[in-house]
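For clarity, chains are labelled A, B and C in written order, and residue numbers in each chain start from 1.
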Amino acid sequence: MMSLSNHEACGLRASDPRVTPAIRKILPSGPGLAAAPGVAWLAVFMIAPCLLVFAYAFLTRGLYGGVVDELTLDNLLRVLDPLYAGIFLTSTRIAGLATLLAVLVAYPAAYAIVLSPRHWQPLLLFLAVLPFWSNYLIRTYAWIVLLNREGMVNQGLTLLGYEGEPLSLLYSEGAVVVGLVYNYLPFVILAIYATLSRLDPQLKEASRDLGASAVATFVRVTLPLSAPGVAAGAVFVFVLSIGNFITPALLGGGRFQMVGNLIYDQFLTANDWPFGAALGMALILVMMALLFLQARVTDRVSGGRVGAGNA
Amino acid sequence: MREPRAQAFARRGILLLVFAFLYVPVGVLVLLSFNRSGLPTAWGGFSLKWYGELAGNAEILSAAWNTLVVALSATAIATLLGTLLALGIERRARRSRGLEAMVFAPMIIPDIVLAVALLSFFSRLDVTTGLHTIVISHVVFDLAFVCAVVRARLKSFDFTMVEASRDLGASAVTTFRRVTLPLLLPSVVAGALLAFTLSVDEFIIAFFTAGAGRSSMTLPMQIYSMIRFGITPEINALATIVMAVSATALVISQRLNRGRLLGS
Amino acid sequence: MSLRHRTGTAAGAVALAALLAAPALPSSAQAADLIVSNWDGYMAPDIAERFQAETGLELEVVNHATNEEIMGKLMASGGKGLDLVFVSSPFAEVLNHQGLAAGIDHAEVPNLANLYPAATEFAYDPGNAFSVPYTWGTTGLCYRSDLVGQPVESWDILLDPPAELEGKVTMLSTDRWLMAAGLLATGHSVNATDEAAIEEAKQALIEAKKQLLAYDDTTFYSKLVSGEASLVHAWDGWCNYGIAENGDIRFVVPQEGSDLWVDTMVVMEASENKEAAHRFIDFVLDPANHAWAVENILYKVPNRVAMERLPASLVEQYPNLGMSPEELTGYQLMRDLGEAQRAYSRAVSEIKAAN
């Protein structure tokens, strides 16, 4: 799966003929070398170690945990249990919802930062990530203090004259989604900002000069140009959410399980490394397929539209 | 060019709302650092005692220092490797699915799988574990995130600028330094911020790849080990100080160089 | 071809450099005579200084968050680096089965004599061959007597709460204790391995989820203090943290019985400092040191001499500290499940996934 494949990657992107020679020129020395250190790092510190673990998927759990050298396909077959597919779907739904909301909030935020005076932009970006240099657990505790039945939101409502039953805001899917959006929002802001900033003003002006309305300019020029940033940010929220277990445990009251949690439990709670490895492999394959699909869609949006706009 | 009034209004409104969302929980977190009771989610009156306890808690302070060392080192390495990787990948005329998969993988491999895998790997090779092995491990996922941000920027990159520079006779190195890098810089800074933020708060991989001694305990490791007998408001006090100091430093540096960080 | 070749060479060079540099970088100078891993706050903060003053040995205490995580780390690394770990008894049992636990040399731990006789004959390790108990206790119901109207005496009130408690109860989420509540309520052993028992407990727990506020094994006592919850499934020691904040909080072991949990000290087979590790165990079992855990973290210790010295006022304030060893050993000792662990894990996944 991980080897560098030779064959043509069936047109994942409509490549712009200018791009290749141009990027070649960017790089001071041979372009292939640029990727080499990163590739090497991943080959040694990701692929090699992970292959060690994935080999366990084909072996047997010992009576008291550990791994026994007996080949079996049992672990892979157990992955097909509908229970696990159900957990995958639930966590996909929760992560998907968190992703959608995070992008909807982050896009205007990133756009507002880009439109701010240039010397304010770094400060605004830093301030957006600063809360996340604290600790995940105590941030989550802060949300519990805000949302619980005896919490600040309910107390505030009472002060405002609300007299009904206190609202149950915690331990629900909604609370989990809010927690995920909160913790991963800055990552989406960063990713979108990275593509929106320096969005060539001339392009926008040209579009306006040609008589396009502000909305049309946004839809035909800005949005396609920022699509890769939106896509990258969306991937961040989605993958981080699906692997999260603190928020479902604390804000969801443990009523929801994300796939990351399921795999963690196999390795550590059940001490069942072979099955954990099998589930991990299945998750990686499914997510990889989703990511390739997503990359293809993004390339259509950005590549196609921008190409048309330029013509 | 002056900003139209309606746009300025909308811009400020959006910023206000988003930053309120980001900072309301921070306000609660800071408030809890003054909580006399040690309970994580119940208020017991105002007190400064946790700041005093923190000042005398050498374990938490040394863990905080280790965290800073790990996060800064991992961010530096990952930013360099991730940016180069992004350039290398986007350079290719033909997509390599293998390469794509390889740079997606660190983001989707479950933390626990990577943690167990890396420790088994280091242990098999008899590599002594310590802060350096945490750095090595954090670079694995950090560089994937940096690479993703920089690649997103490269997709909407205006390559005519680069060509123009070359056509005007600038050398490849000069072009890279004077044209490409400034254009890429916002994404490199964004990627570095992302990597640092992920690394500062990462627990499970750090726990597995840390050495046996106290000298490689990071702050998240320290905090998670407090869950059983209660995370005290000392941690809130520390977070409050970290945020206050960082914010002050940022404002001062912003005053000093008027935001030249992202180029102007 | 040449490009691929160059890329490959560069890749190899970087990887080699990183690997070579890794061990050469300054790592944790293994200066300490003894490295012990424990939960943060489970021992006196000055234990290292006092241990060194008494024995001249330098002690370094590191922390882990959960049994599961330290076990995973020990299994993946073969137990290198750490000399002694604190883990709960089923995990000590696994360490022994995996060949990771060293034997305890009783001649080097004279203070073992301070333990209650019952605490030297646990079924998982009769005669303390590879583990020494540090604390012990049970699991039950912790509740606000001012908010709960009816008598609290059966697990049923947790699984099938009366109307006034609906949405006001929490259950432990760690697999063994969650299952234990279901198993005990349906009349089974906490170590039951037959499918029918597991199935029955699972159904009862899925049913119970409807009236549950949350699964919680970290902040439940805080929820009780704030009034967010009225009755929680709790370990005895943790209930005491609630009692410390609110005098209306009570702890009860339901009439169907409960589990006996034991946290233990295990010397690692890979340790090169086994002698120092034994000295440390002996130091901990010194009544004055062992009593620290009772007085400060409000857990019971299986140390007869330490318990006899307890001030009566402490037991008055935290009645569950007064449980006798006979009462505790009358509960069901939690054991490693072997093959049945898979069935438990699957059942817990199903409960957590149920709506």
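Everything that follows uses one rule, which is that contacts are C-beta pairs under 8 Å (C-beta built on N, C-alpha and C of every residue); 3 or more make two chains touch, one makes a residue touch a chain.
Small disclaimer: the values here were computed from a predicted structure and weren't measured.
The chain pair with the larger count of C-beta pairs in contact, out of A-B and A-C, is A-B.
Centroid distances from chain A, each centroid being the mean of CA atoms, peak for C. Centroid to centroid, with C-alpha atoms defining each point, chain B and chain C lie 33 Å apart. Remark: chain A and chain B have CA centroids separated by 15 Å (rounded to whole angstrom).
Inter-chain spacing, taken between the CA centroids of chain A and chain C, is 34 Å. Chain C has residues 18-19, 66, 69, 72, 218-219, 223, 226 in contact with two or more other chains.
Among all residues of chain B, those that touch two or more other chains are 40-41, 112, 116, 120, 136, 204, 224, 227. Counting partner chains per residue, chain A has residues 32-33, 35-37, 39, 41, 43, 45, 141, 144, 148, 267-268 touching two or more of them. Contacts from chain B toward chain C in the complex involve residues 37, 39-42, 44, 112, 115-116, 119-120, 122-123, 125-133, 136, 203-204, 207-208, 211-217, 221-222, 224-230.
Within the complex, the chain C residues that touch chain B are 18-19, 21-23, 25-30, 32, 35, 37, 39-42, 60-66, 69, 72-73, 76-78, 80-82, 218-219, 221-223, 225-226, 241, 245, 297.
Those residues of chain B that touch chain A in the complex are listed here as 3, 7, 10-12, 14-15, 18-19, 21-26, 28-29, 32, 40-41, 43, 80-82, 84-85, 87-114, 116-118, 120-121, 124, 136-137, 139-140, 143-145, 147-156, 158-160, 162-163, 166, 172-173, 175-176, 180, 183, 186-187, 189-191, 193-194, 197, 200-201, 204, 219-220, 223-224, 227, 231, 235-236, 239, 242-243, 246-247, 250-251, 254, 258-262, 264.
Of all the residues in chain A, the ones that touch chain C in their complex are 30, 32-33, 35-37, 39-41, 43-45, 61, 63-66, 81, 83-84, 86-87, 90, 141, 144, 148-150, 168, 170-171, 249-250, 253-257, 262, 265-272, 275. By the touch criterion given at the top, residues 1-5, 8-9, 12-13, 15, 18-20, 22-28, 31-39, 41-43, 45-50, 52-53, 105, 108-109, 111-113, 115-116, 118-139, 141-146, 148, 152, 182, 185-187, 190-191, 193-195, 197-200, 225-226, 228-229, 231-232, 235-236, 239, 243, 259-260, 263-264, 267-268, 273, 276-277, 280, 283-284, 287-288, 291-292, 295, 302-303, 306 of chain A touch chain B in their complex.
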